[in-house]
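The first chain written gets the first letter, and so on, giving A, B, C, D and E; residue counts start at 1 in each chain.
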């Protein structure tokens, strides 16, 4: 699990809008890929041509700029200048310790999301920050490193499959968001599998280890929830507020994403409830085990302690203990003890102790 | 209980609107039944005539299409084309992992609900997704398999009982929703019976098993709640937003359903509270039992351990122990031990240990 | 306590508006009482004259129809026809498994409430459904059986005491609702007394029984809450929405009732909190008791087990144990044991075990 | 602590607006004090002149009537007639079992508050109901008994200190409310001190007694919360709704009171959280103590029970036990036992039991 | 930790607007620093010139007055007169027991915040109240003592770095608020580190001490939350309500702060959840330890108590016990006991007790 908070202290005392990279460096070199497409075709554009291309944009084609790596201040600053993005927005892009959010600026919309991925089993959830800026004719996405999950979107553009080529930047933004949200279902699926595994472990043989796993899972859930929950508002706002940048026909797709997010959130709530139940079951099975142990101890001790006293009596060395002399003394005492023991067992049986 | 999450991973990377069946296949072959009715009469229509019939619709009669089985992509696609339904909507129909919802499109309303059914005792709640699309003069319902509970609605149409024949597709949609919601009462009734059974078991003889049943029930409740809760908003929206597709006179019926849903939700909340109480009672009776066990152990051990020490003293082999020689030694020691035992018993009695 | 859910399954498959009595039959025969009054006087009307009377209504006088018993379908149906009430409304009247609610129809308002009564000590809360329909010049109330608490209202009308005779049906409706809400205070008073009784029992001598009573009370509270809570919205709506059937001058009285309901709900919340506290106190006093028991066992066992070992040593039959031969051996061993015992006691004392 | 509910049952069956005193009688005789003031001066008015004075009111001066004691129906009724107050309002004044509230009437505003006072340490919170009615030129306050805290307000009027003389009845009402709210801070201060006392007791030596005190405090908090919480809405409404009776310039003072109430409510929430924590700490220290006890028992018993068995072996009376004959037998057995005991101690040490 | 409530009782009975210092005196002497700046340059102004300077303000330059120390009534009163601030506002400035809030007056905005700082490890959170008043051309900030964190803002003004010199008092206010909020991240970072420390302590070796630390942390969190939470509303109001004192261009900066506050609040919620988990883990590991202890005791006692009884039997002094005479008696009894012991061990092994 990531650290609870990311180190931001290096920013203390700097004026607002200062570009400082906050977070782990996930890629060595920043790579930039630019493609431009319209209904007729698409073309890849070299970085060196980007400036010219931007100047000549506006013929109805869509330019998509994909930036992998956000730790190089110069790169971010240049892009910012090229598209005249607000300094606060650039600051947010470089700071991976962001809450998912949407900001409406005059010329563009700015969206921050968290791509989640789970690795291995026990699940280890990791997040990667995705920032998207889109306006008329352009969409820029900033990732901490290359995100494989976005490749199908690019493929669709190249192959001309689906609606994507006919529609504008808003639909492209939707497509990327859809990838991110679809990914949440995968993560939930994996978490669901782990929960089920722990549940059956809990039924068979609950151990201290099991509880730790449950608590780890609970904490992963807190982490997941924190990444997903605010996105609900983001997409809800996009759909309802109706920016000029979002076409009527895209709106229905946003509603679809919105439903998906609600669905994922619902699932996190369900998981929360189930995890809480699991902890309860664990605790009660621990206290049940304790009961079992106490019963064994009590049954054995309660039967034999009095019997030990009896044999102790006849181990006393008094000169005058007539029973000791009687030939029948020993078998009688033995018989009495057997009877006492059986009565006790009967008593425990009737108390349903075993 | 169903798996916590349904496998959606096969959809990863597909463009929005791709038709993929998600969920368990509950029927082998898709069957389609079409009836058309108006105030005068009704008529069954073969699938082969459906296309022609749709073209000539619009004379005030209502066409009801009932599709059992949603796993065949071609069937769904054809229906979609025939009524020009949005691709996202078709995608939702084939995906059984939906939250109940209502979507307003220009020409039709789209409603997704969950039909619940409980089987056996201990209850095992199953859900089946019902999707309804209705517009002017037509209503299409998609089920995962044949739903017997809808038969009375068809009977009413055929027999001309009730209001249904006089009213439009909105009332037909209401009638189907009413069936679904009425069914929730049945499920709650069964769950209520099980709760009462567990409650009396809890009073008589609480076992680890009982707790497991309670937790299973709690989890079923989470499942039920998740299916019912969103429907409240669906029906509330239908009633309040006042679509052109819903007549004024149907509105009062929707309000009635709305009240029923609130009532069911209320009951789930009550059940939740009661189940939480039951867990508390179980835990406290476990710790009470522990107390009982400890008391028995303590009473026996506390009485006999000192006595055993006393008899141990007179089992020592010192040469000079004058008591051992006294004729009255043995009875006196015995008497002393009886007195000590009685005093201890008195002490426990006064402490209200038994 | 009533069953958790009422049997509704007999209604499955019937069209909306079917009249089926749901609930327990609380009276044998339905009785109907009709009185008509205005500022000048009042008159009792026989059932056989009711139809004529209704036809001639509308001279500013108020007709009050009181129906005790709601299980006879014909009676309800006739009344419904006479005042042209909506079939769904009649269905609701016959179904005692209703949530309190208010429905505004064009010509009348429809209100459902729960009259609570508590019997005996431990309290056993029962509910009775009261349905009121009132329009211009008439008010019909449906009860499951005769409700004595409404008698003072009728007395007031007969004696001309208070405002009631000068004002319209809305004030009459208010008066009946006021009776129902006033009754809640009585029920809360009784529950409050029981809580106080259990609290002092909890202080003196908490038993498993006490916990059961607390849980029973908790469950009664859930039941009470469920009956009262929705009424808040009902009265709030009546006051705020301002139907044409409610005069400005009655509005202030509704506000008064509203305040009372909030007050009762407040009290239920307080009771909830107190009951939760009581459960905590119970559990902690149980674990405290356990501690006491363990202490006694530990003190006795810890002192005597080592001493028993010592006396065991001198009970060994080795040929060469010089201590056994020494005349002073016995008293010395006894002294040592006394010292060990005292030291242990001192240790426990310092640990504040007793 | 006061009884959970006040006896209201004497009101059952009376028409709305019946004047019945509910609550404890806190003063013997009702006293009425009347002063009239404007910017120039102030004058005390005898009760016998009150009627004349009221008739001649309206010259811009403010008349303040202070009624201590609300159990005399005649007094309340006369005041009501003099200022034409609504009967429901008079009923509320005589009923001390009110929730704090504000009612806007045409000619006056009606405010009910709870004055809290804490007595002794352990705190015992008492409440006293304050009802204020004010309109143009007059303010009437009803108290259950004389409230000393209001004296400074009167002093300020007499001495002409502060704004009070220049401003109208709304400011006078504000001043009285300010006194009530300021008092809440005092009560919270005292409760805070008690919480801190209990916290340090909890750290040093938690006893069953401590838990009882914590629970008592928790209950006092419930009581306090219930008295303060609704006042937030009262003052918020007064400030926002902007009655004609409240001047623009007084509005800022109401906002100030509003902030104070929020502050007090915040503090009650904080106290709630802290008290919940304290209960957790108590319970965990109890279970810790139990652990300690069990450890002592287990260490002693586990060491000496096997040793006692060993000495028991050599206490057996078999004829042929060669060890018993060996001269070195006794010391060897003793040595073995010492070694066993030390090994056990080592084991417990390594398990960190002590 | 600070006391739960600050002593306010000295204010009881004073009229509203009385200036009384509430809180700890954190600095000895009040110091006032005044600077004036515009886009061209900046100048420091002596206190003696302040009055003249204020009179001549209004040429587009910004005057910033920084007051360290708020306990001197005269100073506050003079400043109040100079800028005609409302007496209630001055009262709030001198009272450090304020909730963060924003008040809009006609000529200025008034903001109260809490600067948090954490000292040492275990963290000890302290708060300092910051009050800001700003209007056209002036901003006055009141601190309890000198706040080092504000120095970079002044530096930026002097060096002309950033936007600050070009923009008005609203941006200056924003800059100060930004410093306060940035500081919250530092505090959260430190708390996060402590949580992680406690978590690993909890995994390795949970002690009663650990629980106390967790509870202390929980309480610090309550304290932090109380300081931060209301600020969210303050900044949200500033951004949305759009006062004439706040420029459009500053609004985006406020939105940025708003996002930061939400982020911090999110983190406090996450910490709360994690701390709650930690307490659960602690409690369950305590009860696990108890189980371990009980198991050891039970295994030892259950094995040796019956064996001790057996050796006791052959320690009895009956004359006729034939086994005692048999040469093979002793080894047989020993063998039997070994077998019993092994069987018991086997039983516990199969029960998975070790």
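Following the convention adopted for this analysis, contacts are C-beta pairs under 8 Å (C-beta built on N, C-alpha and C of every residue); 3 or more make two chains touch, one makes a residue touch a chain.
Please read these numbers as outputs of a predicted model, since none were measured by experiment.
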| item | value |
| --- | --- |
| Contact-graph separation of subunit C and subunit E, given in steps at minimum | 2 |
| Intercentroid distance (Cα basis), subunit E paired with subunit B, Å | 42 |
| CA centroid of subunit A to CA centroid of subunit E, Å | 26 |
| Set of subunit D residues in contact with two or more other chains | 287, 290, 294, 297, 301, 305, 308, 312, 315-317, 321 |
| Direction subunit C, origin subunit B - full chain order round the ring | B, C, D, E, A |
| Subunit C - residues contacting subunit D, complex | 149, 152, 156, 161-164, 174-175, 178, 182-183, 185-186, 188-189, 192, 195-196, 203, 252-253, 255-256, 259, 262-263, 266-267, 270-271, 273-274, 277, 280-281, 284-285, 287-288, 290-291, 294-295, 297-298, 301-302, 305-306, 308-309, 312-313, 315-321, 351-353 |
| Subunit C - residues contacting subunit B, complex | 3-5, 7-9, 11-17, 86, 88, 92, 97-99, 101, 103, 205, 208, 211-212, 215, 218-219, 222, 226, 279, 282-283, 286-287, 289-290, 292-294, 296-297, 300-301, 304-305, 307-308, 311-312, 314-317, 321, 323-325, 327, 329-330, 333-334 |
